[in-house]
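Shared between the two complexes below is subunit A, which pairs with subunit B and subunit C, respectively.
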Partner chain A sequence: MTRVVVIGAGVAGLVASIRLADAGARVALLNKGTGGLQLSQGTIDILGYAPERVERPLEALAGFAQAHPGHPYASLDAECVGTAAGYLKDLLGPALLVGDPAVNLQLPTAVGAIRPTALVSPSMTAGACVDGADFVIVGLRQLKDFYPELVAQNLARTEPPGGGRITARSVMLDFPARDGEIDSSGLTYARALDDPAYRRRFALAVKGVVGDAGTVGLPAVLGLDDHGAWADIAELIGAEVFEIPLPPPSVPGMRLNRALTERAKSAGVRVVPGSKVTGFHASGGSVRSVSLATAGGAREFVAEAFLLATGGFESGALHADSYHKVHESVFDLPLRIPEGTLVHGDYWGDPQPLFTIGVDTDENLLVRHPGGEPVHNNLYAAGGILAGATRWQEKSGEGIAVASAVRAADAILSVAATATSQGAAS
Partner chain B sequence: MNANESLEFAQTQVARASLDHCVKCTICETHCPVSAVTPKFTGPKFVGPQAERFRHGESVDHSLDYCSSCGACTLACPQGVKIAELNSQARAVMKADDMPLRDRLITQTTLMGMAMTPVAPVANAALRIKPVRTVVEKVLGIHRDAPMPHANTQTITGWLKKRKKPATHATRGTLIFFHGCAGGYFEVETSKKSIEVLEHLGYEVLVPKQGCCGLAEQSNGLFDGATDKVLKLCDELRTSGRDLTIISSSGSCTGMLKHEAHEIMGVDDVRLADVGTRIRDIMEFLLELYDADELPTDFKPIELTAVYHAPCQLKSQGMGQPAMEVLKLIPGVEAIESGATCCGIAGTYGLKKEKYEIAQAVGKPLFDKVKEVNPEIAYCDTETCRWQIRKGSGAAVEHPIFLVHQAYGLS
Partner chain C sequence: MLTLSADVVVVGGGSTGAGVVRDVAMRGYKAILVDRADLGQGTTGRYHGLLHSGGRYVVSDPHSATECAEENAIISRIQADAVELTGGYFVATQVDDPAWGDEWAKGATETQVPFEEVSVADVLKAEPRLNPKISRAFKVQDGSVDGWQMVWGAANSAKQYGAQILTYHRVTKIERDGDRVSQVVCTDEKTGEEVRIDCNFVLNCAAAWGGQIAHMAGCPDVQVVPGAGIMIAMNHRLTNSVVNRLTYPADGDILVPVHTVCIIGTTDQKADDPDQLKIAWDEVQQMMDCGELLVPGFRKARAIHAWAGARPLVKDSRVGSGDTRHMSRGMSIIDHSDRDSLKGLLTIAGGKLTTYRLMAEKVVDAMCAQLDDPRPCRTATENVPGSESGKNYVITHRLEEREHDRHEDQILCECELMSRGMFTKALVKQPKGSFDDLRRQLRLGMGPCQGGFCTMRATGVALETEHIDIERATGLLRLFLKNRWIGIWPILYGDQVRQTALDNWIFQGTLDVEHLPGLTHEEVV
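After this line comes the complex of A and B, so read on.
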């Protein structure tokens, strides 16, 4: 049974770990803290802007890759991305993720902008911004991360991507999440709404203020563990309901993170949270082990393959010093760094070259010297650490992560299978 | 380092620097078991990296006292902020001038064991008498329904003196065993079974005379006493051999030695560093053997499905949940991970009358899960957590080493 160490528990690390463990690998998933998936909006972006707004991401992928030759999508093509997105949908099931990777939905954000994304929580689909949509946006007085007037007024003055007009109005509801608390987080509401009795009172209060017109937009707090809570609320209100994601703590992101983490554990993945990988041993062209700095000292994790899924600058996987010299923090890998200025002063203008920095890989996600030979013959990379993308601007983060995770996992499994059959033959 | 230096460290030092790494992502908030059940605690981010910026001596946010020091925030933080450590330090500073007598008393775990063991039946009976507990609550502030240890008539030292020495010769070398005060006086069976498993594997096990690690005092902000205790314990453990691996079946005390005494109280002493790097939780040790292909897996099947709960202070050691991996090796055993961050007791937190209800609410999902999965038995690596889960669920709760012991045919 091949042993694999996956470093990083974002969506890439989780998906790869599950795929590997399901295929029989012995997987240790090491992470220095909770992964970024829980901070996400609970949606899976594939390609949102190229740079103009994208409506059919898989169709747009080939042209986009041609225009960006060093982009991860140049190798992870539409077929690979579509298959990987389908795999993730199957892992999470229709209670958590619906949609078609080939088609973007256009959904309202917490400031009333319209955001393209591909796979979404079923609790969000009724918020699709199309001509003729009629929304009533409900805020909660005790929830300070959501301003319904801002959302409604911005939506009402914005032409939806397909043309036409959206009607939106707002109401504010005074409904505490728990007694004595005047400033509750979205998570506190979500936990309260897991309780059917509270949920019923909440839904009836919403019904009381929205009247009987329109589709009801609520902050994305409609239950944490009970994935059917939003549908129950819709039924009690007697209207279509949709969730609008909030800044963290993002409840939809938590739902996905929890579900994938549980799924990984039940697949047999050994999850080791809270410690940092601080070193490694390599010999004969291969990484042999990584050192995990647990309390009380370093512990070695030996494996046949290693997958680096540590993210980018935001997680500390990449680090820029005061001279703008950029380092990869676990293996000190060679990086693909664009020529010229890394950060320009026009912060609202063109993408910053800095964010395209990352590791270079071959088509199997094996890390290589930029454009050259593999750095180690068993070190793979997936997700935000890959060079060439400006994920937050393109809205491509999860698509790249999931597709690269699936392909890297399959490459690791295929090498292990070859080794096994050679071992059996000799 | 003397007592005053510990407190000064808490006022000024190292962990505070890590607050600048906070990006306000709220991940710690989502992991906090206390703020999940009560609005009295504003949560690790507010109390920690945010209030810490305004702290000049004492914290500006007194809800800090409701932090249970479970460490879930630090464990979850992806930016390396030492949130729980910051909060423990700030609490010690806040409480320094008016430490409740109760907090001085309940932290004297060794004393409690020494006093109760000779009169075990009486002590056990007294703790079951309602009026007695009511008086204790009124006078001392220990909640009348809080879980209490069950005194044993025999200590681990007593057992070691009387038992027949293992017949077989040690083939794998020598280990030092650290049982902790609870493992010495109350949870003696865990210590016995741990020693027997290690001997079965072929180790000679040395058990030096040993005191308390000071964890209870540390978590109550009594850094002076805790520092003295932990260093004395290090001396005691070091008397049995300077290069030997130290094995512990006391999940939380191991954490005190591995990192908490150093990171929270700033104890910077070679003796602590030495013991802290040599010590292994017993399940961690077994898993290390397994990873090195050195653990015999000739386990007899045990048909059992039960909840396993990894204590917060075991998880905070950043090694995952070794017991889950070891239990997977025993045929027939299906250990269901509790999924709970903390059982609520957090050492002495759940004993206190003003925190008892919170501790019970924190533990409730875990108690419910035990009742649902197997109301007879559950497993957990730390003593006080077992008392809390026993009381809350009604199930017998044992250390996972019990299953290993049984699967090796030793019981």
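After this line comes the complex of A and C, so read on.
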């Protein structure tokens, strides 16, 4: 049974771990923080802008890859991405993830922009920005990260991508998450809304202010552990309801993160949270082990394959020092660094070259010297650490993460299978 | 068109202009101050925040040193709420000659700048992050001052004496009637309306822009050379006191704790245009090296923002015009009745923030002399509004306030502990203000996250309280992000890259601000 160490528990690390463990690998998932899902919008993007708005992401991938030869999607083709997205959908089930990876939904953001994304929580689909949509956006006085006027008024002055018009109005509701608390986070609301009694009071209060008409848009705080909370609220209000993602902490992201982590554990993945990989041992062209800083001293994790899924600059996986030397934090891997200056002053201009820095891989996600030979013969990479993408502008982060995770996992399993059959043959 | 009238029009809303309008108003003249932008948006807001003890100039510019020492005591008192009495040190690092300290101490004694030589061990005890290799140290009475609060304090005092403060009024022409100034013509930048102000006197306090203003009155060739300096804010205080290198004034020799940050400065490069100051990567590197010399490990600390300011240095025939550092830091008053046969116009330039009140006193004295109307200056003895209690600023002020109101009010900006109430109050006072205007008074978006979390909240609250409409709200949101970036990208390294990645993820990723309506060719003031 092959042993694999996965470093990083964002969507890439979690998906790869589950796929590996389900196929019989012994997987240790080492993570320092809690992964990027709860910093995200909590949906699965595949490709949102190229740079024009994308309606059918899988169809757009081939052209996008051609225009961006150094992009992860240049080797992760539409079939791979579609399969991986389908795999993730199956892992999470329809209570948490719905949609068609081939078709983007156009959903309102918390400032009232219309954002393309592929797979979403079923609690978000009623927010689709199509001609004739009639929304009532409801804010909560005690939640400072959501302003319903901003959402409604921007939506009302924007032509939806398919043409036509959206009607949107807003209401502010004074309804504390906890008695006497004026400044509550979205997470506090989500936890409160897991409680059926609070939920009922909440829904009736919303019903009281929205009246009869319209689909009700609410901040994405409708329950954390209870995945049916939003549907319950919709029923109590007697209207269609949708959630709008907030800045972090992302409750929808947290739901996905929790579900995937539980799924990984039940697949037998050994999840080791809260510790940093501080070193590694390599010999004979292979990484043999990594050391993890834990209380009482370092612990070695030996494996046949290693998957680096640590993210980009946002997680600390990449670090630029004060001389603009960029380092990969775990293995000090060679990086693909664009020529010229790394940062420019035009905020609304071209993507910043700095943020396209990352590791280069072959088509099986084996990390290589930029354009050259593998750095180690058993070190793979997936997700945000890959060079060439500006995920937040393209709306491509989860698609890259899931597709690269699935392909890397399959490559690791395939090498293990070959080794086993060779071992059996000799 | 709107026509106003005043005895005196003050052009320029930096520290000089604010000081002058206060002084003019306190002497009983009807005064109007105009600035093309917000108060303190020019050089006053783009410096390191040092309230000089005078120590910096005891050898190079003894007259300035004495003035600084005297004004330091006055400003700390009359504008107590804008000043933190941090204290300061002059330290000789391993590359500085400790013997120069003798010359410095002699200068300090002669210029009456209070100081005390202290043991290296005592300094390191007080400032544990300082370079342990320092060989000599003097303690001085440096402080730090919030330039914006200082300017607004003076402006609010002027208002109490009947002055009008017209921000976002760009001067387009100064009319004359024969050999006298008669009218200042402005454009209200927020509405596009023309505003004409009849007056007897114009005090040109436009500093680095003073030459342009004098030119509008038909007085050519007033040469104010912009001496550009960059400053970098680090995300927390590396020292509790101001730290100066014990050397002849040079680049990167000052570290100043101001509010939640500390600021290293500065450089001095002759600039051609005070509106086009650049922050070069090699200057940033130079500041980092200087910081490293004062505080080892400085490069590993987090830089959050950089800016450049233009010192208004009056060209002086004694030094070449390329050498801005050694031009006089003293002030100059140009009397255009002598120079250009135009009565009723004085141009003031040079000087420094610490001595802004004294500069104002001198220029208003000069005006009174030309008008043959002597009236005494009273600005040194009366505290400005907000400083009535005489209590100086301490860094824990806001924490104390939030501890009192946290059950009643939300915190919109966690980095700077700015409450919703503070924000809405400032909005009421400045309903046409941009978020940068409000930032200068509230420190909105000035902490480590550089607006990552508070920008959307500020936008939402401003819209919700009906101070602005959706078009302006969306425009201001975008403008604020764009303007923050001006000061972030030149120093983008280390943990601020990580923060920027998160901020980009929030704004471009989750919120998709790039695809809000109306981005193309947007002009928001």
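Throughout what follows, the second predicted complex is superposed on the first by the 426 of 426 C-alpha atoms of A that agree within 3 Å, B and C clash if a C-alpha of one lies under 4 Å from a C-alpha of the other, contacts with A are read in each partner's own complex, and residues count from 1 in each chain.
In this text, contacts are C-beta pairs under 8 Å (C-beta built on N, C-alpha and C of every residue); 3 or more make two chains touch, one makes a residue touch a chain.
This structure is a prediction, so every number in the text was calculated from the model and none was measured.
Of the two partner chains placed around the shared chain by superposition, subunit B and subunit C are both touched by A:Gly316. In the superposition on chain A, A:Pro273 contacts subunit B only, with no contact to subunit C. Between subunit B and subunit C, C contacts the larger number of subunit A residues.
Touch criterion met: A:Leu150 reaches subunit C, while subunit B stays clear of it.
Of the two partner chains placed around the shared chain by superposition, subunit B and subunit C are both touched by A:Gly180.
When both complexes are overlaid on chain A, the residue A:Gly238 reaches neither subunit B nor subunit C. By the touch criterion defined above, A:Gly372 reaches neither subunit B nor subunit C.
In the superposition on chain A, contact of A:Phe355 is made with subunit C only, not with subunit B. Using the contact criterion defined above for the overlaid structures, shared-chain residue A:Pro248 touches subunit B and also reaches subunit C. Contacts of A:Leu39 after superposition: both subunit B and subunit C are touched. The interface of subunit A with subunit B overlaps its interface with subunit C at residues 39, 180, 248, 315-316. Contact residues on subunit B toward subunit A in their complex (touch as defined above): 25-27, 29-31, 36, 39, 74-80, 254-255, 257-259, 276-277, 279, 288, 291, 315-320, 325, 328, 337. On subunit C, the positions that touch subunit A within their shared complex are 285, 288, 299-300, 303, 406-412, 420, 453, 456-457, 459-461, 463-464, 470-471, 473-474, 477-478, 481-482, 485-486, 489-490, 492-494, 497-498, 500-502, 504-506, 508-517, 519. Of all the residues in subunit A, the ones that touch subunit B in their complex are 31-36, 38-39, 178-181, 185, 187, 191, 248-249, 254, 265, 268, 270-276, 292-297, 299, 302, 315-316. Listing the residues of subunit A that touch subunit C in their complex gives 39-41, 49, 53, 109-115, 142, 144-147, 149-150, 153-154, 157-158, 172, 180, 182-183, 245-248, 250, 312-316, 319-324, 343-345, 347-348, 354-355, 391-393, 395, 397.
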